[in-house]
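Just passing along the structure, written as structure tokens.
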Amino acid sequence: MPKLQNVLEEIVTANRILAHEGVVDSFGHVSSRHPDNPNHFLLSRARAPERIDVDDIMEFTLEGEPVNPGGRAPYLERFIHGGIYEARPDVNSVVHNHSPSVIPFGITDKKLKPLLHMCANIGQQVGCWDSHDKFGDTALLVEDVAMGRDLAKAMGKDRTILMRGHGATVCAPNVRHCVFISIYLEVNAKLQMQAMAMGDIKFLTPGEVDKVIARTGPYTLNRAWENWCRRAGRPFVAEL
Amino acid sequence: MPKLQNVLEEIVTANRILAHEGVVDSFGHVSSRHPDNPNHFLLSRARAPERIDVDDIMEFTLEGEPVNPGGRAPYLERFIHGGIYEARPDVNSVVHNHSPSVIPFGITDKKLKPLLHMCANIGQQVGCWDSHDKFGDTALLVEDVAMGRDLAKAMGKDRTILMRGHGATVCAPNVRHCVFISIYLEVNAKLQMQAMAMGDIKFLTPGEVDKVIARTGPYTLNRAWENWCRRAGRPFVAEL
Amino acid sequence: MPKLQNVLEEIVTANRILAHEGVVDSFGHVSSRHPDNPNHFLLSRARAPERIDVDDIMEFTLEGEPVNPGGRAPYLERFIHGGIYEARPDVNSVVHNHSPSVIPFGITDKKLKPLLHMCANIGQQVGCWDSHDKFGDTALLVEDVAMGRDLAKAMGKDRTILMRGHGATVCAPNVRHCVFISIYLEVNAKLQMQAMAMGDIKFLTPGEVDKVIARTGPYTLNRAWENWCRRAGRPFVAEL
Amino acid sequence: MPKLQNVLEEIVTANRILAHEGVVDSFGHVSSRHPDNPNHFLLSRARAPERIDVDDIMEFTLEGEPVNPGGRAPYLERFIHGGIYEARPDVNSVVHNHSPSVIPFGITDKKLKPLLHMCANIGQQVGCWDSHDKFGDTALLVEDVAMGRDLAKAMGKDRTILMRGHGATVCAPNVRHCVFISIYLEVNAKLQMQAMAMGDIKFLTPGEVDKVIARTGPYTLNRAWENWCRRAGRPFVAEL
């Protein structure tokens, strides 16, 4: 079981990495399930990912109630995180972003599917949640428990879901894996836009996707994590 | 009422941010209505936005007359700013730029419309002003009061307008909001070009656009502003 | 008449700027006519533009003969420069590059034309020289006086010309103007590729192009030059 | 014959360059045949290219057996390198990457062909190896001698080959040449995607490709190598 202090540092690093690699801009966030209490999760106060420090990380119940706010303003969309942690005991980290190349797939009828082995962890096919279907005209933000649960329901057992006119949400067994999927979701989306303009695409086969997912572990995740840490000016810790 | 010195610093920061985020290159400018005299506005001398300091900021009448030039050469296109401040009491900041992804929408018949919640503040649809319609062959620059007023008239009550073969102009209630719209106008344009190549786009609904605009305030603007300040090497001031 | 030492520094700065702004990579070069001898020109030894210092600048006759080589290896393609200086007394600076967005226009039948006021200085339309037409299968390099003169002939009175499968050449009355055109040639090409994918383009009118060119002088060139100098880590000299 | 220590430094530099120029991300690798033993090759332990130092370089037999592992974990795909060194005595360096613009050509029926003189060294046309043809559903990795030999066989006498849903492999007579081809393979792929969207492409003629290849030597390679070394923060050594 990783220690709380280490998890807090990991969340900070994850935020800095996602900003440095262009997956989040001034918005977007990454959380971790609390290592000592599976019914709580850890998420920064409302601040740009590139700026976050350990003191910004707050603790929330799965309903999005802050435990010790201490005057800090939370992200409005913390319900994305709570909804998924509630529905998915296998998930220990959630990323929400407006990853640029992903947006066009959420607003057209083209399906995002893995075409590169590095991207197989996004899953066999990426679904799309449209807040308008159930909630009508809104500011598109997941701003209460009901919306968070609806998004989690649409996500089902997948690790990625698009959000129409808004962005994407990714979940995974741990923070490093969640960051890895988020970055390669952007890679896949960009490549797929380019390849679609060239003709029919030979995507990965379902069997290939399964084989890559089955093999993805610390050997792969840590190679990228070390590099991304250094690029973002953060120390690399081999094991959490 | 913000103090003059603070507004001058805010204008410098806005210029540096727009340059750092790729919305202006060596050209383009941002102004603020004078905090103590609504019939004057503040704008840098003719200099690249990335290079501007407080000493470069000049004061102008709404007709574009410099109050204390002190040997400084003004931007030729200061009439863009004066024209809009004259027509729009609700406006306290104007940005003019040649934002790269926006240009193609000004020279084709495709309409720029918001497709991402972050971009709703550009308005329901972005119009286009063609200087040729009224002024014929020119160097395309808004170089006198008549052209500035014609542009302001075409803009109507909107916050953004494209300029054919030239760029775009954005206005807003304050500098931070104006910078925010300018940056997300570029984001929307780039995403729309990509999505158009993929098929029909599901844009934000009119109701969604209104809801996002109604909600946009310091909570949102300052999160981005803090981040952009730090990225551009400028201090962050929470309130003006 | 600018002094030789100032021109040497200007050439170094021009090389650094073109590299920093992405118009040249490890190849490409910029020259100036010799300020004291119009039958000679100044050009770096064979070195990447980002690395060039004053000691690298060599003097050549219009036939490409080095005056004081001092063991330095010249660029093979110095004949581009000599050919143009010989044919064009109005020209005092030449840039040759492989500017990325320009390449596709040299290998398809699409014509590069100005669509943005900043880009009018590229000329009404940009022609294309194909070395294969007269010289057959070569390494595509302009490696002797005959090829340099053929390129200059194809260029005629224009300031820009594409070279099929190779790049582009730009010439102008001075170094700053030549760098300015080179950078905005890349801008125009990139924008035109994007706009062509969207539909018919409303290019600048011939009259607009003429008006912008007539107005382009130190007021415009120096604003960009100051900014590019600082970005490339070079001192800015207001007048040569 | 270059000395071992120099070759180790050259491999480190090659890794850093490929990372800095965007040809590899956290994955991909570059090797050299051992200067003293043609039946061995030198390749980093499993680490991101941007992070590699001399102590990371391991020695392998052509079957991919580490000679002095010293607790270091090797790349799974070292069999790419061994397979090619075994089949190709003319080859002394191999790069494997997931070069972004190259991926779409491996998953569509469009053929990658040289269209710019700088890119002629990729060869007359670039083939594509699909691991699925012979090995069925795998994680797409070249993880044993059989797969490495099959890839080398598909490559034949070429210097570049695409790998469906995976990336590309490049080989050359020396490290600098191999890095050069890898970088200009990415350049060509990006340009070809852009040009294909514009219409029919006039590629280099077969004769032009041959002429450029025949001329490519230290004069050309070192100009780029010096620049790339400095950009990547590595010392430049004129001769190995």
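When the chains are written out, they are named A, B, C and D in that same order, and each has its own residue count from 1.
Everything that follows uses one rule, which is that a contact is a pair of C-beta atoms (placed from the backbone, for glycine too) under 8 Å apart; a residue touches a chain by one contact, two chains touch by 3 or more.
What you see is a predicted model, and the numbers here were worked out from it, not measured in a lab.
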Each chain counted as touching chain B and chain C at once: none
Residue-number overlap at the chain A/chain D interface, same or different (half cut): different
Interchain centroid distance [CA atoms averaged], chain C/chain D, Å: 33
Inter-chain centre distance, chain B versus chain D - centres from mean C-alpha coordinates, in Å: 46
Per-residue multi-chain contacts in chain A, two or more chains: 197
Overall pattern in which the protein chains touch one another (line/ring/star/complete/other): ring
Chain pairs that touch, as defined at the top of this document: A-B, A-D, B-C, C-D
Sites on chain B touched by chain C in the complex: 25-27, 46-48, 50-51, 73, 98, 100-101, 103-105, 107-110, 132, 136-141, 164-166, 193, 196-197
Residue ranges of chain B in contact with chain A within the complex: 115-118, 187, 190-191, 194-195, 197-205, 207-208, 210-212, 214-215, 219, 223-224, 226-228, 230-231
